[in-house]
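One chain, subunit A, links the two complexes that follow: it is found with subunit B in the first and with subunit C in the second.
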Partner chain A sequence: MSAVNIWERMLNIDRRWIFLGIGIVSIVPFFINFGMPVRTTIEVESIYDYVDELGSENAIFISFDFAPGTQAENMPMAVAVMRHAFYNDVPVFMTANWPLHHGMMLAAMEYVFNPTTEGFYQDIDFDDWRELREAGVTAKGDLVDAWESQGNQLPDGAMGWVFEGRDYAALGYAPVFNLVILGMTISIETQYPIDAHENALGEMPMLQEHKSLREVDLTLTCSGSAACEWWITYAREKIGMPVAFGVTAVSATDYFPYLQTGQVIGQMGGLRGAAEYEVLLAENGITSSTDKAFTGMDVQSVAHILIILLIIMGNIAFFAGGFHKKALLKEGR
Partner chain B sequence: MYETIGIWVGAIFTLAIYSFLYKENSIYRLAEHLVVGISAGYGMAITYQITIKPRLVDPLLSGDHWILLIPGILGLLYITRFIPRISWMSRYPIGFYMGTAMGVGFPLTMKARVLRQLEGAMVPLYQSGMAWYEVTGNVVMILGTLAALIYFFFSKPHKGLFFGTGSKIGIWVIMVGFGATFGFTVMGRISLLIGRIQYLLGDWLHVIE
Partner chain C sequence: MKRTVPLMIVMVGGILMILQYFIPHQISQTVLAYYTDWAPIILAFALVLGVGSLTRIHSHKIRRKAKNWQYSYAVLIPLFGMPILAHIWPASLSGGMDSPSIFHFLFMHVQVPIQATMFSLLAFYIASAAFRAFRAKSALATLLLLAAVVVMLGQVPIGELFGRWLPETGLWILRYPNLAAKRAIMLGVGFGMLATNLKIIFGVERNWLGGAGK
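Up next is the complex of A and B:
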């Protein structure tokens, strides 16, 4: 076998071997913890700092603008910011710009409210605290005291109570979402008379305090498409609303210009961005540990090392085999 | 019970899709077609349940909001696409939507995506008090932007110092951009794989937390 053939074989390696290699290096780190550090970047820190400054008198939007195809990247971002907001008693409005994305919003709530999730929040349905609401008890501290005085106990492991209509509103999907954003700059209730659970928004205490986007302090758009630009176009530019991006890694480079112009306050790019936010939450005692995004970073690092090695090997084979001098490789390359 | 069935279905279909990595096969095609069909069905059900029913059907049935008949009928005109003889009627809702979207979106889009970006590119090359890395960053950004624009300027041949060298630098700038995008793309694809492995090993097999 001549030397050229070895290089050529390297360049024409069956791609299934590469898939197998990626598969193996993506599974092994789940069992052998390499403990690679995740350093936080200013783009993510600025979102964290902004949310951390907010309190119960403020409110944020989390827009679920992603489908199941990118939930591995986008879901941890939404979950991390949702937990941060709940920890600080910041009311959260949740929207979705497409029918499939509506399901992602429900899945995120199910995860954060699920008692089997570490550091879950105990959810109280809108109807369950009707009496207290009608008695005018809506301030978070008073509400928790009144709720617990009725004999309700926070379950073990729960981080706190969240009251539907006071701490969150699942608005969900509405069609022609860019115009919905525009409409919400005037009134949220006209765009969403009822939420995803068919509760009347007009009865929600959080809507009484935040009637339009002008009275909301931030939108985090977790996006697997160009939908995040709608929030810039129709909310940021129209009324100056602060916007933060949580975007997939594939589209992260497309949106860095918005950071440079100051149109967004920060950006989480891909799983790495979500892992950084999880690290910030854990370091500051907001969660007891990191979550799925951070767990995936070891895998990410090892898989990247393999891909870098493959790229280097491919280039060595290409140049050492002299293929840069030939118009085409054999076998149709 | 239902959750367990759901996890098993998800796991089996994940493996069915990944079987494509070995070679094209009928199990993969079945899973692919099911994804398309179920997504469309789910979308229709959600749209009816949380949009059409509460925002159109229920208010109309209550008899208080007859004004909703106008957008309702306009929306129904879309369906005339399926009847060739009267399919021209579908142009009205399309025209209405396009006109509205353009009218509302154009000024804001120009501001957000063009004027703001232009403004962002108009930065001082040097000001007293600026750190060296800020100066370098601004110079690289402005020269890079100009070079990339020269590359896409086709009314003059790419020859000479200005157009020739400028377009060559422009190619390098664009290649650096592609490189960064490729790196992020690799990261994104691996992230999606990680998500599926977490599902298979965690939610399904329970061998990881």
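Up next is the complex of A and C:
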């Protein structure tokens, strides 16, 4: 076999071997935890610092603008910021710009409120604390005291209570979402008379304190598409609302101009961005450990190395075999 | 008439909304509030039109036994099944009406895995494509290749093993050369959109009318 044939065979390697390699490096790191350190960047730190400054008198929006296809990247971002807000008693409005994204919002809530999740939050349905609400007990500290004095105990492992209507409102999907954002700059309630659980928004204490986007302090748009730009166009530029991006790695490069102009306070780019936020939460004692994004970074590390090795191998074979001099290459190369 | 009336509506509506954006007066806000209420209602009719059209096309394919007609069932059954399960018959898996519903089950265990699988396949195809197509054939291609390798390694923790310079160089590429290129593209697209929108508002561009009135 001539040398050229070796290089030719290498270039024509059956793609199934490459698929197998990617399959292996995607699965193995889940079982062998490397735990490589993730260094945080200014883009993510600025979101963390901003949320950390907020308190119970403020409110934020988390917009679930992603479908199941990008949930591996976007979901940990939304979960991390949701946990951060709950830890600081910051009320969270949750929206979705597409029917599928509404399901992602529900899945995020299910994860954060699930007792099997480490560091979960104990959710109290809107109807369950009606009596206290009607008695005028809506301040978070008083509410927790009153709730616990009724004999309710925080379950083991729970990070705290979250009261629907006081700590969060699952607004969900509403059609023509860019117009919904525009409408919410005037009134949130007119766009969402009821939430995803059919609770009247007008009865919610958090809505009484934050009637429109002008009274909300931040929107984090976790987006798998260009939908995040709607928040810039219709909220940031119209009423000056602070916006933060949580976008996929592939689209993160698109939004650096918004960061430089200050139109976006920060950006979590891909799994790396989510992992950075998880690291910041764990380092500051807001969560006891990091979560899925941090674990996923091991997989991404090994997968990136494999892809780079494949590129190097491909180039070696291409040049060593002299194919750069040939006009025609075999089909499929 | 078929062309003049839609053109007038677009012109008046377009100019009104442009002016509205720059006038922070109460009347201007009222116009905006009306518009945000009206637009979803008008668009709801488009949804009816879309569902009707999709149903007609696929029913026609099934009736004629056109090529791959079986797949039309895969469109029509979920198209009507999911709204029925969500709103008309939100039954649970246990047979009652408590959660989780069959709709929720289908969403979480059919829709989510299908979409996640489709997106995950990209990793496999990107690896294969990178091996076969990413060649340092010219100076520009080499520059692109090097930038890609630095950014890829800089984005993952393992890149730190090569030294701090690698992630920092990756971030520098993203923050400066990438930003400059993206801004240029965005400005170009923005001006293009502005010109096209003005052409539509003032009736210069009329392709959106289709063949109406001809």
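Criterion: the second predicted complex is superposed on the first by the 330 of 333 C-alpha atoms of A that agree within 3 Å, B and C clash if a C-alpha of one lies under 4 Å from a C-alpha of the other, contacts with A are read in each partner's own complex, and residues count from 1 in each chain.
By definition in this document, a residue touches a chain if its C-beta (ideal position, glycine included) is under 8 Å from a C-beta of that chain, and two chains touch if they have at least 3 such contacts.
Here the structure is a predicted model, which means the values were calculated and not measured.
**Q** After the superposition on A, what does A:Ile232 contact: first (subunit B), second (subunit C), both or neither?
**A** first
**Q** Figure out whether A:Ala107 sits in contact with subunit B (first) or subunit C (second), or with both, or with neither.
**A** A:Ala107: touches subunit C, not subunit B.
**Q** Should A:Gly21 be classified as contacting the first partner (subunit B), the second (subunit C), both, or neither?
**A** second
**Q** On the A-aligned overlay, A:Val38 touches which partner chain: subunit B = first, subunit C = second, or both, or neither?
**A** second
**Q** With the two structures laid over each other on chain A, which partner does A:Glu198 touch: subunit B (first), subunit C (second), both, or neither?
**A** First partner only.
**Q** State whether A:Ile305 touches subunit B only (first), subunit C only (second), both chains, or neither.
**A** Only subunit C is touched by A:Ile305; subunit B is not.
**Q** Quick check on the superposed pair: does A:Phe30 touch subunit B, subunit C, both, or neither? Answer first, second, both or neither.
**A** Touch partner of A:Phe30: subunit B, not subunit C.
**Q** Kindly classify A:Leu182 by the partners it touches after superposition: subunit B alone (first), subunit C alone (second), both, or neither?
**A** After superposition on chain A, A:Leu182 lies in contact with both partners, subunit B and subunit C.
**Q** Once the shared chain is lined up, is A:Gln260 touching subunit B (first), subunit C (second), both, or neither of them?
**A** In the superposed model, A:Gln260 contacts both subunit B and subunit C.
**Q** Overlap of the subunit B and subunit C footprints on subunit A, residue-wise?
**A** Correct list for subunit A: 19, 22-23, 26, 69-72, 100, 103, 174-176, 179, 182, 238, 249, 252-254, 257, 260, 270, 272, 300, 303-304, 307.
**Q** Once bound in the complex, which stretches of subunit A touch subunit B?
**A** On the subunit A side, the touching residues are 16, 19, 22-23, 26-27, 30-31, 69-73, 98-100, 102-103, 172-176, 178-179, 182, 193-194, 196, 198, 229, 232-234, 236-238, 248-250, 252-254, 257, 260-263, 269-272, 292, 295-296, 299-300, 303-304, 307.
**Q** Which bits of subunit B are touching subunit A when the two form their complex?
**A** Against subunit A, the touching part of subunit B is residues 21-22, 39, 42-44, 46-47, 50-51, 54-55, 97, 100-101, 104-105, 108-109, 111-113, 116-117, 119-120, 141, 177, 180-181, 184-198, 201, 208.
**Q** Mind pulling up the subunit C residues that touch subunit A in the complex?
**A** Residue list for subunit C touching subunit A: 21, 29, 32-33, 35-37, 39-40, 43-44, 47, 104, 107-108, 111-116, 118-120, 123-124, 126-128, 130-132, 134-137, 145, 149, 152-153, 155-160, 167, 171, 174-175, 178-179, 182-183, 186.
**Q** Considering only the defined contacts, which subunit A positions touch subunit C in the complex?
**A** Listed in rising order, the residues of subunit A that touch subunit C are 11, 13, 15, 18-19, 21-23, 26, 36-39, 41, 67-72, 100, 103, 106-107, 174-176, 179-180, 182-183, 186-187, 190-191, 238, 249, 252-257, 260, 270, 272, 297-298, 300-308, 310-311, 313-315, 318-319, 324, 332-333.
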